[in-house]
Amino acid sequence: MKKFSLLGTGLIGTFYTMSLLGQRRKDIIHHVCSVPEESARDFALKWNIPKYTDDLRTAIDDPDTDIVIVALPNYLHKEAILMACKAGKHVLCTKPLALNAAEAREILDAAEQAGIFHGYLEDLVYTPKTLKAIGMVRQGTCGRVLWTRSREAHSGPHSAWFWDKKQSGGGALVDMGCHCIEIGRSFIGKDIRPVEVMCWADTQVKPIEAEDHAIALIRYESGAVSQVEVSWNFRGGMDLRDEVSGTEGTIRLDHWLRTGFEVYTSGSTGNYVSEKTETDAGWLFPVGDEVHALGYSDMFTDMLDSLEQEREPRETFYDGYVVNAIMDACYRSASTRKWEPVELAEWRGQEGLSSGVDMIDYDEKYFLIKKEKMPDGKTKVMLKEKSTGTIIQKYI
Amino acid sequence: MKKFSLLGTGLIGTFYTMSLLGQRRKDIIHHVCSVPEESARDFALKWNIPKYTDDLRTAIDDPDTDIVIVALPNYLHKEAILMACKAGKHVLCTKPLALNAAEAREILDAAEQAGIFHGYLEDLVYTPKTLKAIGMVRQGTCGRVLWTRSREAHSGPHSAWFWDKKQSGGGALVDMGCHCIEIGRSFIGKDIRPVEVMCWADTQVKPIEAEDHAIALIRYESGAVSQVEVSWNFRGGMDLRDEVSGTEGTIRLDHWLRTGFEVYTSGSTGNYVSEKTETDAGWLFPVGDEVHALGYSDMFTDMLDSLEQEREPRETFYDGYVVNAIMDACYRSASTRKWEPVELAEWRGQEGLSSGVDMIDYDEKYFLIKKEKMPDGKTKVMLKEKSTGTIIQKYI
Amino acid sequence: MKKFSLLGTGLIGTFYTMSLLGQRRKDIIHHVCSVPEESARDFALKWNIPKYTDDLRTAIDDPDTDIVIVALPNYLHKEAILMACKAGKHVLCTKPLALNAAEAREILDAAEQAGIFHGYLEDLVYTPKTLKAIGMVRQGTCGRVLWTRSREAHSGPHSAWFWDKKQSGGGALVDMGCHCIEIGRSFIGKDIRPVEVMCWADTQVKPIEAEDHAIALIRYESGAVSQVEVSWNFRGGMDLRDEVSGTEGTIRLDHWLRTGFEVYTSGSTGNYVSEKTETDAGWLFPVGDEVHALGYSDMFTDMLDSLEQEREPRETFYDGYVVNAIMDACYRSASTRKWEPVELAEWRGQEGLSSGVDMIDYDEKYFLIKKEKMPDGKTKVMLKEKSTGTIIQKYI
Amino acid sequence: MKKFSLLGTGLIGTFYTMSLLGQRRKDIIHHVCSVPEESARDFALKWNIPKYTDDLRTAIDDPDTDIVIVALPNYLHKEAILMACKAGKHVLCTKPLALNAAEAREILDAAEQAGIFHGYLEDLVYTPKTLKAIGMVRQGTCGRVLWTRSREAHSGPHSAWFWDKKQSGGGALVDMGCHCIEIGRSFIGKDIRPVEVMCWADTQVKPIEAEDHAIALIRYESGAVSQVEVSWNFRGGMDLRDEVSGTEGTIRLDHWLRTGFEVYTSGSTGNYVSEKTETDAGWLFPVGDEVHALGYSDMFTDMLDSLEQEREPRETFYDGYVVNAIMDACYRSASTRKWEPVELAEWRGQEGLSSGVDMIDYDEKYFLIKKEKMPDGKTKVMLKEKSTGTIIQKYI
């Protein structure tokens, strides 16, 4: 059993609380911090949390606290985490870790020097579907991973600070790209180095300074490409999908809009359907248990079991740092309009991988390009002559 | 925190244990019973359960035990539950409650006379999708419920006793029909009386005495019909779908085969995919968190929270009794080949409901049958003259 | 090239015309009949048809006419067809063939005695999906067919006469059950005899005399069961789905609501979406080419190619007669509330089939019930001892 | 009725023939050309075509021929089309129009100077789904189009020449990118200028010189971005999907793998399933009428009706030229690794469009960023102060 101080009571703080206190879990939130104090008090009352405050230090330094959960706006992460490091408390921090890679690096160093347990709360790699899919990829289901796509798109965030670049560090890319980037890494292999980035970002619709729509390609040392799509201009609910394509297989995940739960209703009932659903009439696509489907339950289980068993969790501040470095490269590329390298001061994964095509021997004379069953039932092969490079086809 | 004695270590006992011990839950299984003792010992070792036995009474009478969980073959439910009642222990029993309604009634009476807390472990009404869908129906999303369909079909159960009518009480209907019946009741309203049943049951494929395929229609006092489809002859995995149709809306749930998780792999990886998946190559449809998707997590949360808060859980032994009574009527109907009444010694819901059509006034002269937007953009109404019954159409 | 007289200009007449005149087809509608004459004239103008009339005989006896297409309300089929037989014209008649089996028999006899070509316009067995699926079933994809489900449900028909039992012969069952019955026959095998029927029919919502909702089970001599579901009370568009389950496989077809075409729009555009779509805002599921998706194109191709090649089309008046006989049995069963035999004066298919379980030898001592790969990767078999009938399980 | 000379008898020639001769169409292929002559003869025999040759000029100059259909490998298009222009024959040419924009321009000029009717056979903008979706976009269903995605991926083409850059002009991009580019243009508006391109292309798997995988972003003058994804490394069949996102709506099309036709079969039947399906066992996703689903039927209907009615078809050689120009920019960008302009010698659409955000007045003081219904049922607005740019949120 662990005791938490929760910093922040917005949507993400609420999701964390629903997850931590739901389904007869044994862990306890015993201190909550929010500004103004009134919102901390209301939250404490609602969730039966014994202590509340509007002062970060008070919540962090609480001697009963094992773990500090940072669920604050992005620009406050560093301050809160450094305070926790100083207090020697374990820290779990919501995504993105920091406003940029430099700040993330500072946070990571502080946590490692303090010797605390640090977990990066990247919930979307913990959805039950994603965990199982990652496991399948590791077991060889897809062969060598060639491409991933991760898409998060909806009509924009719920809190004002997200829309203000100074408080958030950016737009749709910072809000959701961090999810998509880490999902891509998780499928391709977190020990495979992200090399360079090409990114388009634009403000197409909303009257804001930051981008409301961005698309990025991240090239890994293995040759795999991770495609990231984020938008605050999407209509129809929350589009949350991932795809993986490899030499031997394919995966498609839909987390929100087409999950086998479909409803038609002729008129509005005035009730909540699911996060970011735009309407409550016509065809609706609710999600049964949102907290579980978004990965919060498995994420906290991993974090707390890891802490107790003295192992690293699936997502640490180092991962948060890598994600920030990739996002920095995205913004540079969106500005320079060309591929930009991912700058990592320290790389903790594999080095010197090569990417390359598969030369499959067909016989002494030919390489095999492709083998296919044709409509007429015959099998056709496409072959490349080793000596000349000439490509021929034949039926076998 | 509650302490359990678990009776039975088959697939269902395993699912219960995975759910009760997963996700940092605070409750504890501290005694497990199975025959032979070796299987109890292995199970205890694997799941870190301090005590094991092959004697029901030893597990039930354990003074530390708050709750007995009956996860035994159907023909042993009564004996175990009566023993628990005598010992004054709370009891949770897997589905179906009993071999037939008479036995279920005996169990219900014993539990109620003993004053213990009794929960009927009908997990499939607790899947997150089903819980949310039931909530939507109660809020009016579908209007008046007219029809439900619940289907469970796969290639047959995992344990030998299921295939033996004497130990199980029947075939596919007893194995899975109990789920479908209670799902239908939950959508139509558990306080609406099931009146009569028409059932077809046949042994189409398997060399057994019991039915391997059955279809039943259950008519409720409100006029709603619940359609139940069960089969042990289905190929392609586990078909687990529900539908609801009402005057104002429609719901479709797919719990297993099309849930937004799709995988193609060119060859076998030799790994487990999901319960009752037939193959591990080609297009696969895994389930992320099976325990959660099947409702076990929410079921135990409801059961244990209900016990602590001294309220009735969603599913009690009375519900188990009603389901057994409906199954008895199904078997009678399959034999007499006509509609058979559902015989309930005691009905605890609404009485004297009437079913009937909606006479909607269009104007003084006409009832409205239908209003529709046509391809040409015009609106057409279908009207019935009140005085003559003549049906006319017109554009408005 | 063939020349048609088209009788009837309602929705079905329009669909036929769109199909016959679309995609550069070579055949010609050169005479159209409708009452009042004004509607015939408007239709002729719109579709560039040279002749129109309000008199059946004029259209049928037109000396240039090769084929008469009957697209009239049900109660007028017999009169029109008998007239065409007398005139020696080929006839294609929309579904259902007649108000009941007796009338259908009379029509069939007249057509056969006249020696004309007769086609039963059952479009839904001609959808490209259904044709391919039937082909796959015939090739063994599903093994022995055990069960089919065919469902058609929407919010009710477009023309007043459908709602009047005297003109239509019944309610939802006559309107749509004829489709579902013939789809079931086509999957099970049109030469397999339909033996008996169990049907529930009720008027749940609409203020009419006929049923607005019905469910039927049709048992075939092979042991297969065809499940038919029809409703005029369904909300959410047109639910048009088929399923097949056999010893070796499964098929699921969705023809209308989930076909890979999904649209979200924040507000109404005032435009037509697809037949029987209830709304034009929110999530919509349009159909690209409705005429093609509903089978009209392939149906007329088969009919006219068959006529020219002097072979029987896929659907003849004999099929229409069988369907009417099954519907008669449905109505009897809905009234007597028990299984009713299908009464066929003449059966043109296989005789004396037996239904029975598969006794698969496992070894000398056992029959095989089931073989399954378990989560732990082991293979488990369920066996039945030949001498005793005892069922055991073991890992192999 | 029109008479064709068909040049080329590969897969595409076969699809064209199936479409032109199917469903009782009135048009006629009366001359076919292929090398070697034997393949022309076999094709003529199979499809009942009166004349065959291995000489392009013979087929083109046939005095009975109205229209020449070019279904040849890419490197032969120019020669054949120029020959047809000289002969004054109308020409329909398969995709891509040419090996590159310079060649395409030459072809376009020749056709326009000859005054012949020219159609660009881009079938995928003619699928019934795509046609309806384009219509909906034009009617305002999606508001202002912001983004499109078009994806075509499979395990590689059927004929040897595709794999040889000299004969095809490139790899996956030339083979399938031309489809995706034109689909994007069709949704965004064919009169909206494509401005610049960012493209990644790599040879990840196949032992060939050209790219087997490419991703491109095409920015239009309206600010819309068209995302193109093509791969010859995809496993699982043919992935053929499009998406559109606009200020008011969203469209998702699946043309091949999830179209409401799903089959499970326990073992191989040895039969053809659908184009590029990799397996015939396990879960399969057949397509009913492939020719129709791929747009061939509607494409030829438009082409021939346009010719007879003396109007431009939906796709002309000018469109082919634009597509080649965009592909040229893609290859330049893949090489320079930055955005590259689309170079069009002549632009026939709108000029001087501006892209820009929507400034929606909320009241005198604020712009509206977003309005949303929250889980608690309240409505929240996100506002931007006009004078300061400060973003606030409030409940209304």
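Order as written gives the chain letters A, B, C and D; numbering starts at 1 within each chain.
One rule holds in what follows: contacts are C-beta pairs under 8 Å (C-beta built on N, C-alpha and C of every residue); 3 or more make two chains touch, one makes a residue touch a chain.
Remember, it's a predicted structure, so these values are computed and weren't measured experimentally.
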{"item": "For chain A and chain D, chains touching each", "value": "B, C"}
{"item": "Classification of the chain C:chain D interface as same or different, half of numbers criterion", "value": "same"}
{"item": "Rounded Å distance, chain B centre to chain C centre (Cα mean)", "value": "33"}
{"item": "Averaged-CA centre spacing for the pair chain D and chain C, given as whole angstrom", "value": "36"}
{"item": "Rounded Å distance, chain A centre to chain C centre (Cα mean)", "value": "49"}
{"item": "Per-residue overlap in chain D, given as positions that touch at least 2 other chains", "value": "142-143, 235-236, 248-250, 264-266, 271"}
{"item": "Category of the chain touch graph - line, ring, star, complete, other", "value": "complete"}
{"item": "Residues of chain B that touch chain C when the two form their complex", "value": "142-143, 146-147, 153, 155-156, 158-161, 163-164, 198, 200, 202-209, 213, 215, 217, 219, 223, 225, 227, 229, 231, 233-236, 239, 245-250, 270-272, 275-276, 280, 337-339, 355, 357-360, 367, 369-370, 372-377, 380, 382, 384, 389-393"}
{"item": "Residues of chain C defined as touching chain D within the complex", "value": "1, 22-27, 127-133, 136, 139-143, 248-255, 258-267, 269, 271, 286-289, 292-293, 297-298, 300-301, 304-305"}
{"item": "Residues of chain B defined as touching chain D within the complex", "value": "235-237, 264-266, 278-279, 281-285"}
